[in-house]
Every structure is written in C-alpha cells, then in structure tokens.
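Once you scroll down, you'll see the structures, which are given as structure tokens.
Note that chain A is present in both complexes that follow, paired respectively with chain B and with chain C.
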Partner chain A sequence: MDEKPQRFEKLDREGIGTSSMSRQPMYKYLDTETGKRTAIRRLLLKPELQDSFSQSAGLPSLNAAQEEEEDYYGVPCMTIREVSLLKVMNHKNVARLLHVEPDNEERFLRLYLEYAGVDLTTFFKENPIWASDPKVTKDLLKQLLHGVAYYHSVDAVHGNLRPHNVLIDIDSSKVNVQYNLLITNLQLLPDTLQSNYKAPELLLGSKELSPAADMFSVGCLFFEMLKKKPLFETRHDQIDKLFRLMGAPNEDNWPGVTQLYGKKLSEYRQLKPKNLSKTLFLSDVEPAGVHLLSKMLCLNPNKRITAADALKHRYFADVDPKQQPKTTITATASSSASTSASVNP
Partner chain B sequence: MATNEEKLRCRALHVVFKYSKCENFDASIPYLAMTYFDRFISGRDDISISTATGSVLEHDVELLALCCLTLAWKRRSESFNTDEFWHNQPDLQYFTKDQVQKMETQILKALGQRLDARTALSFVPDIATKFYLTSGISRRTINEIIISSHDSTLVRKQRPSIIAASAFLAASKYLYPDKYQIFYSQMMLDGMFKRSHEKRFLEYMIKLCSDLKLIIESNDVPKRRVRAGEEAEGGAGETSEHGAAETSEHGAAETSEKETGETSEQGTIAGFNFPLRWRICEPFGEKFVAFRPLSESAELDWLAFEASRQPDLRALYQLKRYQVDRVEAPVPETRDQPQIAHVQGPRNGCCNTL
Partner chain C sequence: DDTPVQMTQHGTKKRHDDNGEFHMTKEEFEQALNICLEEEKSHIPKHDYLQYLVSNNLNVARFRSIQWFIKCRSRFNLSFGTVFYATNYLDRFISMNQYCNIEWKYWMVELLSIACLSIASKFIDTTTPTLHEINQIEDMEHLFEVSTIQRMELKVLEALDWRLTCNTPHSYVQLFIPNLQYLTLDHFHQQQSI
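Up next, the complex of A and B:
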C-alpha cells in the first residue's frame, strides 16, 4: 500500500527549544508544498488536559475562571479563539498559520506556524556586530511594534512576548543586509520557568491580558535590544526591582491602584522613580530612545504608550517611513483574541 | 419540494432559537450559530453525524445545532459558561460530554477552523459609507433586519454583501424613501442587484421589515424613527423632536425615542440587544421540544402541527400525508414538558424523517 507523502519534513536535529507542554525538544519543519519553514504549536482540544497544560506552559490564560472548571463541555474557548484569530491574521511581521491538523486521538490541534531565522537571543549571540548597530535596533523595534500594533488593531493581544517568540531572519544576499522580524507564539520553555516580561498589573495579580501588558513586554524587549541582556535577569524579586526603577505605584501615578492591589502593594516600600539613563547605563542611547522606553515601562497601564503611538514617537523620526525596513522581525505570539471585533459576525 | 438541507435547517433554527435565550441576550450569537450550521451542511446531501456520537443517533441535527450555538458563544462571549449551559437545561442531559466534544471538533474541522469568516454583518461598515447623503441608518436597525431575515432559506443563496446591502436599502425605503432610488442606483454601479434572485431578495427584505413592523431608526440625535408597515395616521409627516405621532407617505409611521423606550447602544452587546424575530420559530418559542424519543407517528404529527401553524413551513413537509383534523389538533399539555430521552434510549434515524 502506498504511504501518503508527508507534507512536513523535519529540518534539523538540534531543535529550537523545549516544548513547555510536553517537555520534548521542538523542531523546525519544511513545508514541502510552500517551501516555507514552520514550527509546531499545540493547542488543547480536550478540556480535561487544561490544568496540566497551563501549569507546564506557565502562561496566563484569557479566561482563568474556565481553567478552574471541573466539568467543561467541548473544545476550550482559548483554542477556539486563538485558531480563529490566527486563521485571519495577515501581516508581514506576524508568523502566518500555514496548516492545522489534530493529532490521531484528537487531543490536540497542531498549528504549523511560519518560522524564519533565529530567535532574538540567538541573533544577539551570533551577530554581535550587527546587533550593536543602533540603526538595526531601531529597525527591529519598529518591525516589532508594527506586528504588535497589528495584533491590537484586530482586538487581539499577544500575551507572551519574549525573545523566544521574536524571530529574525537575515537576508545577506542583497547589497544592504536585510533583517526581517516575525512575531510568533510558540510554547517554548524559557530559560527560567516564568516569563520575566510580565507587566506590573499582571505581577500584582491581574489575570487580564491587555494591549498595555503587551507594550510593557515590548519595553523589556527594547531594553534587551539596547543592552543585549534582559531587564530583569530572574523572576525573583522582579516586582521589587521594577518599583526600585520606576517608583512604587500610588494614587498619584496610578489612580485606583490602591483599590485594585492595595493588599499586595502594602508589602512594598514607597520608592521614587530613578533616572533610567543613569540607572540602566543608557548613556550611549539617544534621549528619544530612553524617553520611549520610559513610556513603555510606565507602571499605570492606562497611561502606557500604545503600539500605534510608539510608532509615531520621535525616536523613529530619522527613519524614512517610505523606506522598506532593512530588518524583518517575526514574532511567535501566544495570542489571545478578544471576543468582539475580529469576529464581526 | 424542500431539500434535505432545508429540512435540517428548519430543525436547527428551532433549536438555536430556543436555547439561545438567556439573560443579556445577544442576537448575534444565534445568527453566528446559524452561519456555522449553514457552512457545515452546505453541499451535503445528509449529515453524517455518526462519527460524532459513535453510532447513528436520533437528534444528531439538534446536537449539531447546539454545538454551533456553543461555538458561537465561546467565540463571542467571554462570560459564557459551558458547564452552566449544559447542566441548567434538563433536556440537554440527553447528550454526553464526549458527544459534545466530538461534535464541536467535527464542526471546527468542517469549517477549516475558521470561525471568523466574513458574514453579512461584517459588510455593514463598508456599505454604510454609501449612505453619506443622509445622517445614516442605525447599526442596530441594520443588524436586526439582517438577523431577522436569517430564518429564510433565501439567505443561503445570497452573498453576504448582498444581504447587508439589501438590509440598508430596505431600511432606507422606510426612513429615506425619497433617496431610495439614488442608493439603489449606487449599489447597481457597484455590481450589486444585477441578478434576478438578488432583486427578489431585496423585495423580500423590504416586505420583511413591513411584516415584522420593525422600527427603523436613523443615526442622528435625537434619533428619527419610523415603524415599517404601519399605516400612518392623519396629519403632516414631519418628525417631532418630542416624538408625537407622525405620518409617512410610504406606509411607515414615525415614532419617537420616548415611545419605543428602547435602550441605547451601550455595553458589550451594543447593536444586538433586540429580541430574535424568526417567524418560523415564534409560534413555538421555548415550548419547542427537541430532545425526546418519539414514535414515528407522533413525530410526524408534531411536524405537521408545526407546518399548520406556519404557512412558510408547508413546503417543507409533505402535508398531503396527514389528515387535516390531526394537523389542526391542539398540542397536548405534555408536549411542553421535555422528557429525558435516554430513559428510553435513542432510536435510529429520527432526524431523517424531517
């Protein structure tokens, strides 16, 4: 009997990381139909596996209340929303969903997401000279913001922005080397079990993923692009370190914060914000860049800069808007779609 | 002669109509559910749902409709609680969790995992721009016309853009009658309403507004409102800010915001907070019983009764097979009480008799 030819061929032995779901190595595949490289993300079809998945993934969920349900009927909401969203997303800086198939026992959906180049951390390690070029940093950040702004424009949030989910593909075949950035959403196990890119409201106990929370993560990634190291090295005392840097939240800089997180906040001393440029050793960064960073790391989510506004920031004033970005970033995002706009029934 | 698809669709409409009722009702949920259902059965001679339940089972079409409804809810509403939905209605205990799981998975697969495909509602913002000569038509009105038309099998033959455009034109026929022809010509220039079935559908939509006596409202403040299909009383046809009774030359009586007492377009279901007006289902509403094992004759009686109440349904059932006196017979009280089907066990092939 003829065996059906496999559409996806494994590309390498080393893999691209470890799956947070299965704790098994993850690999890149070649889509023989399109010639594109892909990586697999798995989503649950059976709700009874939700708990083990969430714990191992270490990811926030769109609807935490539903995770706690003991008796859930049908396909989980998170799976439905994420796949529906990825099916309609179409942006040059967002990894496309190339194919979807269930596993043999219909426990998971396998999402074959576009994969290009290497992740942000690997890019820094392998290309120290290019990575230290301020123009490259600016190009990469702009592409990242374009991808994130696209998510937010369709009423979705990424929810898991970190270096593993930002891919950079270098095209050196042209006179000017081009970097292409893609945002993707692979459930790769990070170096530390918990993400160091969480917004303060999430660290204080909020379960709600939001565009503002994404922007805080972008701020952390921006710092990493500038200094080639994470803003918060470990999750331990992350919130304390953040307050030491940006000041502790109070009713003046974040109206309503006491009512929302007063109990948790009482554990921390009242601290004043520090000079970012001095504290983070950003003297080699142009002032506009430091200003943009401070807007992204703003404690109050309601005052944090949006992706669309960040793209209009003066930091990008010397970038010709008509000029094609030399850098292309692809990010793999663990998106969680909100319910309304993209559905548009 | 109704096709099998039409018979199945009719059954699904009843199920979706009944089980979508809830607090903070959002009319887009049953609409979305029926778009999933239509896409699922499109081009199928029959619904092979045997893989969903493990064996050929009666009420497969009902399970399909219910799962389309729950998928729509999950996609659209963050507050939807599946556990509560399945547990709070005794007749839904007929199905097991495993059957629900398999059916939802099957639907997702059949739809290519695309629950966000474009529908008539998603064309509304594009078409609204063509009404720049006026202060516009309320989004809620357009939504209500589109969703109300969805009980007709006619919608399945139309492109979503035509359905949306027809809703706008139908509303303008009552709200801006003197500009209707301009709007219609504009649509024609865009390549719409050139086919005869599209023109017939537009006529259907205009009549629908009149039959349902829908309130057509403008976008301006205060809103100008007319009730389609109501004969105007005497007096001039000018709109009063305070909403006194007005008249119209086009069979539409103008009303005021105060008179209708409708809520504003606020909140999460803005634009969808109106009752579902599917005429096929209205005579039965929540009394419709879907889940119980019926003998063949009893079921046929039931279907005949449905048809007798709704002339539109006559074509769907072979009424010649039934005695007139049986068709006209009142519904016994016990029919209103849902029975738990699994007490007697499922019977094969029920849905095929529709």
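Up next, the complex of A and C:
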C-alpha cells in the first residue's frame, strides 16, 4: 500500500542501533517538510490482538459478537500519555516529535523524533580530542541537565537516559565550535535488558520511575563523559559495584531502606563509601566535578541532587558569563551555546 | 482526588497543598489565567460549530453523549475532569469534520463517544475501564468490536494531533475556587473584549 508521497527519506545505509521491538536496524530519515533529520521509535498498539480486524473495512458491524479478549484497553494508556506529552514539549535540548503515524496494520505507532549529530558513544569515538576537553564535558553536562530539568519541570520523567539517547551535534562553522546536545528516547528496552544506567532503587526492585532516578542516570553519563567508558560495564553485578563504591545503604544515609529492601541488603552491610576521586581515577577532574558526581550517584533518591540544583552547582560557576568576563579563545574547541555571549567584547 | 496530571507548558509550576488545591499569589493567578485563556484558543471548536450541530441535528446526539459520559463517570468512578475532556475531544472532532460533508449517523456518534471517553480516561484516570466494559454501559444502541473502537481512537488522536491537555470549564473552576479572592468582574469584561 502506498501512503502519501514519502515525507520521510531514508538517509544512510548505516543503522543507528537496533530496535528493541523488531530487532531490526534503525535508520535516520530526512523529514522533507522541515528539513530535519529524524529517527523512528515504535510503540506497540496492540500487544494482545492478532489479525482480528482484517475483515472490518472501517464500518462497525452492528451488534457484533464480542470475540476479542474482554480485558482489552485499546490504544495503551502509556502511549497516549507519552505521545501527548512529547507533542507539547518544547526545549532546545529535547528532541522534538515531528510526526506520528500508525503502521498500515495498526500494530504499532511510529514516532518520528528529531535526530541530530551522533550519539554520545559515537561522539567520543569520532572526536577523541574534543571529547577530552574538560570545557566540552562541562558544556555537554550542562546542556544535558537543562534538558532533564525541562522534563522534570513539566512533571515528566525520561526514564531511559543512556548514551544512545543523548545526541550531540557539532557546529564547527563558528569561531568557537558549538555543541548542541539533544535528549531523545529512541529505545525503550524491556525491563530485563535495561541496564547499566539504572538507579539503585530501581535495581533493588522499585518500579517507580522518578526524577531522582533520572538524575542517577545523569551521574552515570557524567562519569562516561569524563572517562569515556561506562561507570558500570556489565549489568549483572552493578548493584555490587555500586555499593562497593558508595558504601551500602543503611538507616543513617537512607532512612527506611531496610524496610523497603532489607533482605537484599544483608550481604552488603559491611561496605563503606570509598573516595570517588581515587577509586574511579578522577584525579585529573576538578574537585567540584567529583563532588557533583557524588551528589548525582547518592544512593538515597530523596537526597540525590535535582537537575535544577545541579545546574547551580559550583562546578558550573566558571561557565557563567557574568563571572568570566574575558574568555581567551584557545586553539582547541571551547565554549558553548549557553556561554557564547562571553566571546563578544 | 481527581486532579488531572497538570502539564503546565509554560513552566509555571502549580503547587498543591494537602487538599490538592493550587496556592498562588495574585500575580501567579493572573498569569495562570492568561495562559489558560491563551491556550484555550488552540483547542476549541470552530466558531460556527453550534450552528453546524443544530443544522445537522447533532445537538441531541451530543447531549446524549454527554449524559452517557456522566453515567460512565459514576459507574467506573472516573474523575470529573474525564467528562469534560471527553466532551472537548468530541466537540473538536466533530468540528474538524464540519466541512467534510459527513452524513452523521447515530452509530458514528456513539463510536466517537466511546473513543473520546476511553482516551480521556486513559489520559487522566489512574484506573480505566476496558473497552468492553465501556461498551457494555446501557444507553448504547450499538456494540462495537474492540478493534473498531481502537481504530476510532487512533482517528480521534490523529485529528486532535495528540494534543490532549485542554482547558475545560472544569479546569477553570479548579483554578478559580482556591483563588476566589483574586477574581474580579474585570477579568470577565477583559475577556469579552478580546
């Protein structure tokens, strides 16, 4: 079936990952209406229903026997909420939803999400010099926090922050190379596969996504920006590694934790927090950065730093144009969209 | 508590107290009211909608739909907001097809009503009835297959451009009640002149 003249043209042969749902490679597309690049995320529409609608050509059959399962809710609740939220989201660090359409058989919904640049991991690989510039790291983290803070300001959570969902667009046409960071949400992996960026409360069994859980993921991403490798490489011993690093949670640092997850914690009781800077080999990172990282990785979700507060952290003090009237333009890439004002005399 | 998820699009964060009411200063109230009025323009039916309803004999059908929404609300213990949201979706959908020469049949309005209620409930409520349960509520003359209802849901969502947050009389009341002290007649005169 030929649907309308193709609004979206496939851009390159190389995929940008694998769809969690179909296991097929995902591609980038060009939106011929807006000129923007997009990537498709699919949301299932009917997990339960099989080919039951093939004969109905749009007209309802009167008093039709109810053959389908009786516990069917139609378009899933989370799909409705998520798409309508994405529709109203409007922030320069959050990927826009350009178009929504169901597939021909109405089995799933295609979300055409704005795509720019490359994902974080690819950015590190392709631009090792820029990526190791502390100023670039700081700028990227700041933009990431702005995007996450926006999510939280509209009472939404991202829930799936990981390098694949952080896109970086490099604009080198300016005097100062500019990086634009975009948060997207392309792959929502099934719970069992999802992974190395999860907050401890989720690893311990909580099902509730929260702004605090997003912030833990931001902490993992921050580490990755600093060291170009994931904080937790494998997912099976993540909780073990985390407690060896941050110490085991107890009633002092996380009131109520024993009641919530007591059984799972017994074997870790002895673990004490380590010095992050030493243990994670962060001696080349300024102390404020290590401090901010420790606040993001805080075990107790209630005490973990919020995105809005993180933006006020002293780690960012020197990128505030007011506090830094003169910027020397160095040979290496520096500056950012948010501080570009400081370049002007 | 039937307060819908408040997705404030302009960063004006609403604060809830223990009763779920919004506490604001006068300035915040004025700002919130202006935002509501401004936003409302993007999700209301066309100006000659009422005329269209009457000339197509849809006003009675619409009235029955709303009665049915109210019945569903109490039967499934849905929020009041759901009734208003469903009505808004119904009006917008009919209004969008005003110039398409659709010959409305009663079953079409019924199917549309089910889809609107189902969408509104899934958008707002914490627990929602199944399509089957919704369709079983009396006063519906037709029974629809769930796949047909879902197809209608998609049609409605697409027509509404998935923009489901809307300002209804109910949301104005929610805004006004805790802030009555700020409300003056001027507010209404101002709006009339726009």
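FYI, the second predicted complex is superposed on the first by the 283 of 345 C-alpha atoms of A that agree within 3 Å, B and C clash if a C-alpha of one lies under 4 Å from a C-alpha of the other, contacts with A are read in each partner's own complex, and residues count from 1 in each chain.
The definition used in the following text is that a contact is a pair of C-beta atoms (placed from the backbone, for glycine too) under 8 Å apart; a residue touches a chain by one contact, two chains touch by 3 or more.
Small disclaimer: the values here were computed from a predicted structure and weren't measured.
Regarding the shared-chain residue A:102, is it in contact with chain B (first), chain C (second), both, or neither?
both
Report for A:31: first if it touches chain B alone, second if chain C alone, otherwise both or neither.
After superposing on A, A:31 lies clear of both chain B and chain C.
Between chain C and chain B, which one touches more residues of chain A when both complexes sit on the common chain A?
Higher number of touched chain A residues: C.
Is A:153 contacted by the first partner chain B, the second partner chain C, both or neither?
After superposing on A, A:153 lies in contact with chain C but is clear of chain B.
Between chain B (first) and chain C (second), which does A:83 come into contact with in this model arrangement: first, second, both, or neither?
In the superposed model, A:83 contacts both chain B and chain C.
What is the contact status of A:208 with respect to chain B (first) and chain C (second): first, second, both, or neither?
Neither partner.
Following superposition on chain A, which residues of chain A contact chain B and also contact chain C?
Correct list for chain A: 45-46, 62-63, 66, 69, 71-75, 77, 80-81, 83-85, 87-88, 100, 102, 106.
Within the complex, which stretch of chain A touches chain C?
Residues of chain A touching chain C: 45-46, 49, 52-53, 56, 58, 60-64, 66-77, 80-81, 83-85, 87-88, 90, 100-102, 106, 153-156.
Can you name the residues of chain B that touch chain A in the complex?
Touch residues, chain B against chain A: 28, 31-32, 35, 67, 70-72, 74-78, 80-83, 85-87, 97, 100-102, 104-105, 108-109, 112-116, 118-119, 121-122, 268.
Give every residue of chain C touching chain A within the complex, in rising order.
My answer: residues 5-9, 11, 13, 107, 111, 115, 118-119, 122-123, 128, 130-132, 135, 142-151, 153-154, 157-158, 161-165.
Tell me, which parts of chain A touch chain B in their complex?
45-47, 62-63, 66, 69, 71-75, 77, 80-81, 83-85, 87-88, 100, 102, 106, 109, 338-340, 342-345
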